[in-house]
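In the part that follows, the structures are each spelled out as C-alpha cells.
Consider the two complexes below, in which chain A is the common component and chain B and chain C are the respective partners.
The block that comes next holds the complex of A and B.
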C-alpha cells in the first residue's frame, strides 16, 4: 500500500542517522545520536564505588538521569528513566564490577518524534565509548500503526500525534559471529529475533503488533550495520590522549 | 547449618525459610521444575481477586480492589470546571497514584517511591488511550462547564502486580461513579443542588447518572525466567526475576499496551504464549 508521508519517505524508510562519540571531555563516555531532527546527547560516568540503598551489592548498578529539553522533571521523565535503566541493565554484564554504580545522563536536545528509541541508541553508544562491558548492543526503533491499518517506521512528531498507536521496540543487534550457528539460540530461534524492551501506547490489534515486530526487526538490521560501521570507523581514526 | 553436599546444594541441610532467603533463585527454580509456584498456584493462574465498590462514602465513586495481598483503594471526586478552548465539548480526567509508606518496607517518607510515577503514567496512558471513557459524556454546558474527574489511587499494600490492581480498582471506581445533580444558579454558575424540591432553579442534569464504559481494559503481569512464564507475581518474585511483562487487552481483544522494560531477550513464541 503506497502511503504519502510528509517528508516523502516510504513506509519502511528511516530518517538520516548521525552519531558521534567522545564529544564531552570530562565524561568517561559520551555520544550524540540524531535521527532526522530528533537529537539526544548521552553521557556516562562510571563505574563509581558503592551502590544505592535498595540495590543488590553483588551486581553493578545503573542509574539513569533524564533531562528534558524544557520544563521540570515529572512523571514522563521518571518513566523514561525506568525503561532505560531496565533496558541497559539487561545488556550490560553486571557481574564484572560488583558494588559499583554507573550513571548515565540523557539530555534531550530536540524532540521530533521517536525520542525514547533515540535515547536508547545514544546511551548504548555512550556506554561503548566509556568501555563498560556489554553482552551485545541494543538497537531501538519506533513503529506506528495508523487508523487505516498501515504501519510506518520512525515517525516524526506530527506523524506520531496523528497515529492510532505506536510501539517503541528494542532489539539486540544482529550478530556476526565466529562461533558455529547453534550456540547462540534462545528457545530454538536465533538470539537476534528476541525483543529486549517493548513499550506500546494506544490500541492496536495483536496481529498489528506482531507485524510491527517484524518490520522493526528488519529495520534493526540496518541500524546494527550503521552502528557497526560507525564504531569501526571511529576506533581506527581517533587518537585518545591517556 | 550443615556443610553443602556434593552438589554444593544446601537445600537438604537448611530450613525452608532460610533457604528461601539465602538462595531465592534456586528456591524458585525448584518449584518451577514442578510447574508450580511456592504458594501452590499453577504457573498460569492469577491470585484470588476481590473488588468492593463504594468503599469511600464521601466520594462520587470508589472501589477497593485486592489481588492476593496487593490492595488498592481508588476514589473519584467530580468538580466543575471550564473546558479548554480546543475541546469545548469534553471533560477531563486527572489520574494520580500514591504509594504511601504503609504499603511496603521499601517506601520511606520524604520522596515518592521509584515505582509510583511510572505506574501513574502507565495507568493514565492506558485509561485515556483505551477509549473506555468518552470525554464528551463529561460535558455539561458546551464551552462553559464540564466535569473534571479527579481519580486518586492509594496503594495500601504492595505485594506485586501493582499495575494490574491499580487498573482494576480504577475501572471499578468508574463503574461505580455517579455524576451528581447540578443546576444553574442566578449568577450563571453551576452549583450542586441538594434537594429535589427546589423549583426556582432548573437542574442541568435531571438525575444522578452513571457513566458509560466501553471497551474495558484488562491487564496481566507476568515474570519470565528461562523458559517459564509465571503469571501474577508477588513482590518477592518480582524482585528476584529480571524480566517483567505487562500486557493490557481490552474487551474486544485489541492490544492496548505491552510494557516490557528491559530484561532478557524474549523470543516471538513466548510473546504469543503470553497474549
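The block that comes next holds the complex of A and C.
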C-alpha cells in the first residue's frame, strides 16, 4: 500500500542521518546526532569516583541528565532519563570499573519527532567517543502505526501527532564477525534479533506490534551500517592526543 | 552528583606559574597576543530565534521564545524580557545539574543589564493591548562547552538569537475590537524584534602585575587571574554596563581597557550583522522554494516576497489544508484563550 508522507519519503525510509563525534572540548566524550531536523547533543563524563547512594558499589553506575530545549524539567524528562539509563546499563560492561559513576548529559537542540531514539543513538556514540567499554552498540528506531493500519518508520513531529500509536525500539547492532556463525547465538537466535528496550504509546494490536518489530529490525541493520561507517571513518582520521 | 574532591578540576601549581610567567613576556598559552580575541563563529538552528556561538573552545547556544502575559502594573505598555542562563553539566565537570551556581546568576545579570536596562530591545513594540496583553520574551542561554569567557559568548548568542527571532503578527479585531487575532506565519510574515543597538560584552582579565591585562581569557587563564572586568559597550561608543571584581586596578588601565573594548565591539558587531544577513537571505530563499512547491506551477515571473498580490488565498488554501491539524487547531484555541482572558 503506497502511503503519501509529507516529505515524500516511503513507508520504510529514514530521514537523512548525520553524526559527529568529539565536538566538545571539556567533556570526555561527545557526539551530535541528527535525523532530519531532530538534533540531539550528548556528552559523557566518566568514570568518576564513587557511586550514588542507592546504587550497587560493586558495579559501575550510569547517571543520565536530560536537558530539554527550553522550560523546566518535568515528568517527561524524568521518564526519558530512566529509559536511557536502563538502556545504557544493559549495553555497558559494568563490572570493569566498579564503584565509579559515568554521567551522560543529553541536550535537545531541536525536536522534530523520534526524539528518544535520536537521544539513545547520540548517547551511544558519545560513550564510544569516551572509550567506555560496551558489549555492543544500541541502535534505536521509532515506528508508528496509523489509524488505517499501515506502519511507518522515523516519523516527524507532525506525523507522530497524527498516528494512533508509536513504539520506540532499541536493538543491538548487527554483528560482523570472523568467528563461526554458530558461536555468537544466544539460545539459538542471532544477537541482533534481541530487543534491548521497547516503549510504546497508544493502542496497537499484537500483530501490529510484531510488524513494527520486524520493520524496526530491518531498519536497524541499515542504521548499524551507518554507525559502522561513521566510526571507522573517524578513527582513521588523524589521531588526537590528550 | 556531589562535587567530590577527586572529581573537581584543578590547575597544578606548575601550570599556574607557567601561565603567569609567560604573560609577563606577553605570551599566552594558546598563542594569542594579550589583546587578541578568539575566532567567533555563529550558526543558526532550524527555527527562528536559535543561535549557536563558538568562541574558540567555548560553545554557547541562545534560544528565544515568546508568549503572552499580562504586563506589570507600573509598565502597562511594555513587554518583558527575561534571561535564563543554564550551566549545563556537559560544559564543565564542576557544573552541577539542577541549581546553577552564582556564576550562572551573575552571567544572567550582566546580560540582562546590557540588553534590558540599556533599552537595546524595544519593549514598547511588544505591547499588543495596553494594560492587558504583551509579549514576554524569554531567552534561554545554554552553555554547552566551557572554554573560558562564557559571558561574551553568551551575550553574542543572545543577540544573534534575538536578531533572528520572529513573533507572529497580531491585530485587534472581532466584533468589539477587543479580540486579538494571531496570524499564522503562512498568512502574514512574522515580525522581527526591534533592536536599537547591539550591546557587546568584552571581558578583561587582570593579573597580579598591574601591566598584565588580557582580553577574552580561556579557562586556564581564568583560574589564574586575580581580577576581571566585563565591559558591555556598543559600536556607537556608549558604555552600557561595567562589572568589575577582584584585585584593585589603576584608573589608567581601566580607561585603556574601555577604549579597547569599543574597538573590539565594533568588529564583533560587524561579524554578528554579517552572520544574521546571511541567515536572513537564506531563509528568504527557502521560503520562496517552499511556497512554489506548494502552489505548483502557477507562480511565475518575479518570484520575490510580494506574493500577497498573487492569489494569496490560493496559497493559503493549499497550505492550510496541509497543516490543518496543527495550525488551525492551535490558532483557534489561541483565539478562544484570548477571548476568555479579555473578559
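FYI, the second predicted complex is superposed on the first by the 241 of 242 C-alpha atoms of A that agree within 3 Å, B and C clash if a C-alpha of one lies under 4 Å from a C-alpha of the other, contacts with A are read in each partner's own complex, and residues count from 1 in each chain.
Just so it is clear, a contact is a pair of C-beta atoms (placed from the backbone, for glycine too) under 8 Å apart; a residue touches a chain by one contact, two chains touch by 3 or more.
Quick caveat, the model's predicted, so the values are computed rather than measured.
Legend: residue contacts after superposition of the two complexes on their common chain; A:202 is shown touching chain B, with no touch to chain C. For chain A, the partner touching the most residues, choosing from chain B and chain C, is B.
In the overlay built on the shared chain, the residue A:54 is in contact with chain B alone; chain C does not reach it.
Look at A:87: by the touch rule set out above, it reaches chain B but stays clear of chain C. By the touch criterion defined above, A:172 lies against chain B but remains apart from chain C after alignment on the C-alpha atoms of chain A.
Applying the stated contact rule after C-alpha superposition, one finds that A:76 touches chain B and leaves chain C untouched. Chain A residues in contact with chain B (one complex) as well as with chain C (other complex) do not exist. Chain B meets chain A in the complex at residues 106, 114, 117-118, 120-122, 125, 129-131, 215, 227, 242-243, 250, 253-272, 275. Per the touch definition, chain A reaches chain B in the complex via residues 54, 74-76, 78-79, 82-83, 85-90, 165, 167, 172, 186-189, 191, 193-206, 208-210, 213.
Residues of chain A that touch chain C in their complex: 6, 24-27, 30, 37, 39, 41, 43, 45, 48-50, 52, 63, 65, 67, 69-70, 101, 103, 105, 107, 109-110, 112, 158, 161-162. The residues of chain C lying in touch with chain A in their complex are 1-2, 4, 6-7, 45-47, 50, 57, 59, 61, 63, 65, 86, 88-93, 97, 138, 140, 142, 144-147, 219, 322-323, 325-326.
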